[in-house]
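Should a chain be cited, it is by its letter among A, B, C, D and E, assigned in written order, with residues numbered from 1 in that chain.
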């Protein structure tokens, strides 16, 4: 059934700061009014909590990375659609060693990271790239809020994390970036996930959000003031924010995002992600193999077609690209 | 020569002695800060005094470019509002339930076991559930404080109600009081000063939960700011905020003591 | 007709009344779980009883695929070890400092202000500093507990030491005691049962800090598991863990009461 | 209906296995002043509690004005304990007026305006009677022990109880002040024609004040099970008729091993004061 | 050097502005038994504290055996308070033996093995003296009030103090038990040739026990500043020589407005007991 009030949540991350600006500047409200609905934009400081809340049904849409979209809402039975693909990490996530120049040197070390997150995935991919596996290192779960201060202690010799923590850590002496997401371009994707059922029943909601997003993108790309605003809101300044942007491949234009989603590489990426998740037991007890949860992409479905819970759907971005919103 | 236990410092000596450790701590900090600055001039962990000054000036005395507001005062205001609302609600619930379970044995037998069990649950562990149940607005932060301190308040006030001499209850009954009059005129007024005592004890926990709640979902507040800038290890902001929180905690405690002495002279004289 | 305040439930009635709210809570949960399952059969927020059973079986009675260990017991063991170490250290520090500041006025004047100030600082807000000082290993988790509860213990035991009747101190001195003998034979033995009381009060906070510490950096422990599986909202694991923690907290509290009654009969009889 | 105000018939009181009082038989007319002595723990307070209604008897019959006694405190039986009888959070006046407030405001127990004034005025009358009017706006903690007990008595009297129960009311007072209180109690007893039951540890006091002295003691002892037998009233003396032999046995029952030669004298004095 | 054990010369004690005692002049020989009475708050306890050393005098001279008194408690002056005199965490024996342990183990205050046995044996001797030997392994909370005070006395005596100070030691006891305690104190006083200073609220007790009775009172009053003048010793009576007039004024000083005709008699009795 159609409804009028929608709630979107987002958490502080360079690729999602536009939602803060959209909320403060009134752009989201403008587009919501255009489609005659109300959209409430809510900020979270705790990324995990925002996804949990979405999965529990408190929100209709939420910002998250592709791997989390698979392991949290999709594995939790919430059929979800990646409606807007905003960017992919192009160096924003990194593995950093205090001693050692290459990821091979990580052998035998403890690596502090947020377990089961994109950092964990990145580390797994990094180790794989030199023929090692997670068995060769010891993973220590560390909360993201405390990673920077943790890194200043002697106990911590290696971390895997994301920005802005990466740039903070790299600014400290004796920090070597040995692997980052630019080595696996396009695999860590930041999206706006929308509840599929809500989206089907309320295409207006999708249209309003997509319309708002690309108007924000436009302003963000053009205006330094807008970027400075976003930097400030994320606790840093313009320079800090732009250095984070440098390692993020933003899709300012809807056309680019559509192209990315339509490419067959996405399906392969999601296959990697699904296998990683399955190996770490993230797909639930019922999962017999990595394909237990079906993932639909324009290039085809990976996994069980009868249990599709995560969909990459470019249709709204296409409308934006064609100026139909 | 007097025994050590009999030597009492004079007033000025006591003040000097009391201030000494603070000076030592500050000197220790200063030293640590300088050592680290020599190693790495960009060290953020132990900022110098001038960096504190700059941070305070920026947050408290310069309007924010984004919104024209003074972030520091806005944070303080939001946090205090949440804290006071949470503590006030918890006090009201704790008072009513503590009083009723303490006064009416049937209700006490009914509710005490479940309250004891609830009070043992670490609220941090059930945060996700709390957010689901109470949503995410202002309410959720206030609720977390309430959930965090109410069980303690109920149990404490239950015990305090039980501690009121049985003789007084009997006396009131021989003066013709019914249950409700007795609770209203004999127990309630005597529990109120004890409520203030209990609140003093639970303020520390209330701050803890406020900060935890603001760390998860908020857009302003003292705890929010600390968690926001923690990613950048901005100790020049964090430490002044911590000192400010400590000071606020001290003032609140002091206010409770003063209020209690002023409003309930009989309670303090009798002790 | 008796007044409500005079109606006391018989033993069986009290038990029935006490259990009732638990049954109600369980029924409420069951109902909520079923409602959500109808909407979304894969709902993770309020798992069904069979899901709990499966999760417990998997964690407690099936060796982990990755390491061959029984995660649940390993978590319990690690957490209890940290908790007990932290509480034991805090008790030792609290006892010594509380006793000395309470017994020797000069030291009290020297340390009390700084201890009061430290006790008001919310430890969560200065986590980064704690890391720097204590590192990130096992020590840091134990230290967070120590930092979290020691100021309370010191202040409480200081007060309890002061509460010992002046008459006893005078008496001991007329019996020829010097300061050290007096602390060792008169104050210390009387403070020990009060230390157990204070520990009971601070156990809740200790659990809180343990969970917070394990949430920040750990590879096993009850708090670690809860925060790890929170990532995919595995309430089927979280809720049994929470109940288990609550149970452990209850057992520890009970043990403290029993120990105190056993070891210090004079303390409990005199009350 | 009997013409006694209080009547106990074969009353027994036990706490579980522990028999505290047994075979209690007594009749008391309105206006008597019964003092009760006995060794510590022999059940004097328990006896008062049965009269008061906070404990009910386990066997037998207890009658007040010929009816089964109500096993709950009520305004027809006033009480003064050794301690904690007054409300520390109320001033002296409010402590007395509160009984009127309970009466006049069934819901909140609080009167306002004119009715409140009336209640306070009546309270003042009673404060006058016990000599506390000068301290009427003080809190109990500002009063001495003797003044607090005066207040407790004024409180108990405002409801015009049929029976006044006193449980060692002067036990914590200094000897000098105690004498004042004796005078006050005798005065009030005569003026308001009260029936008084008073427990005391001081045999002198018992003789001096009462018209009738009861001694509680066990008649049977089982050395292996001290709780098997309860106490009963072993002496019931209309004061003034004490012979030397019974006097001696009272003393031994109370385990007073010091000579108290002045008792007989105070008996004389009392007769002069009380009648 | 004077031949007095205790001597006060123009001693004064004030707390800030509040003058409690002033112009205290007295001499006491070894072996005297001084009882002290006075209105509540007049400074009797303060006087004892000066003797004890927990408070030092503000002006004048206080001598013990001709030397300036040490302003700190020491084993030459024993004390028994009304309450809290014994250690609740030690058994009766340990309570007494602890003094020996302090003596024998300067560091820990704890003896072991044979020396411990000796200390306990000596403690038992004193427990015998106060009649507590049967309860030697009990904790204080298992004792009655009177037994606790006996214990406090045994404790004080084991160090053979020159002076024994008693601050209302029997104030909380029942009259019967009080009599026993009087007997005990008089016995011990004679046997160990103690100098005793005892504060009491009970004028009877003061007369009965002492060889000398002191009354503390203010000689000057300023109604607008009650703290401007302190109390002093207004009567110093060698007991047995009380005339009717001074007796009356003592009573009025103590504000006892009840006749205490039995005092003269107890004086007689005392002479028989004490000498």
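The working rule: contacts are C-beta pairs under 8 Å (C-beta built on N, C-alpha and C of every residue); 3 or more make two chains touch, one makes a residue touch a chain.
It should be emphasised that the depicted structure is a prediction, and the values quoted were computed from it without experimental measurement.
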(request) Please give the intersection of the contact partners of subunit A with those of subunit B. (result) C
(message) Hop distance check: subunit A to subunit E, minimum number of steps through touching chains?
(response) 2
(message) Quick check: more C-beta contact pairs at C-D or at B-D?
(response) B-D
(request) Starting from the mean Cα coordinates of subunit A and subunit D, work out the distance between those two points in Å. (result) 81
(message) Taking the mean of the C-alpha atoms as each chain's centre, how many Å separate subunit C from subunit E?
(response) 48
(request) Compute the distance, rounded to whole Å, between the mean C-alpha positions of subunit A and subunit C. (result) 38
(request) Specify, in ascending order, the residues of subunit E that touch 2 or more different other chains. (result) 72
(request) Return the residues of subunit C touching two or more other chains; collapse runs of consecutive numbers into ranges. (result) 3, 6, 45, 128-129, 132, 173, 178, 182, 215, 230, 233
(request) Return the residues of subunit A touching two or more other chains; collapse runs of consecutive numbers into ranges. (result) 52, 56, 146, 148-149, 152
(request) Mind listing each pair of touching chains for me? (result) A-B, A-C, B-C, B-D, B-E, C-D, C-E, D-E
(message) Which residues of subunit B touch subunit C once you look at their complex with the stated criterion?
(response) 3-9, 13-14, 17-22, 25, 45, 103-106, 109-114, 117, 119-126, 128-129, 132, 152, 169, 173, 178-179, 182-183, 204-205, 207-208, 211-212, 223, 226, 230, 233, 235, 238-239, 241-242, 245-246, 249-250, 253
(request) Enumerate the contact residues on subunit E facing subunit C in the complex. (result) 52, 54, 72-75, 77-79, 81, 83-90, 98-99, 101-103, 105-110, 139-142, 152, 155-156, 158-159, 161
(message) Which residues of subunit C touch subunit A once you look at their complex with the stated criterion?
(response) 40-45, 54, 58, 65, 127-129, 131-132, 135-137, 140, 215-219, 224, 227-228, 230-233
(message) So in the complex, the part of subunit B that touches subunit D is made up of which residues?
(response) 165, 167-168, 170-178, 180-182, 184-186, 189-190, 264-267, 269-270
(request) Note which residues of subunit E are touching subunit B in the complex, please. (result) 71-72
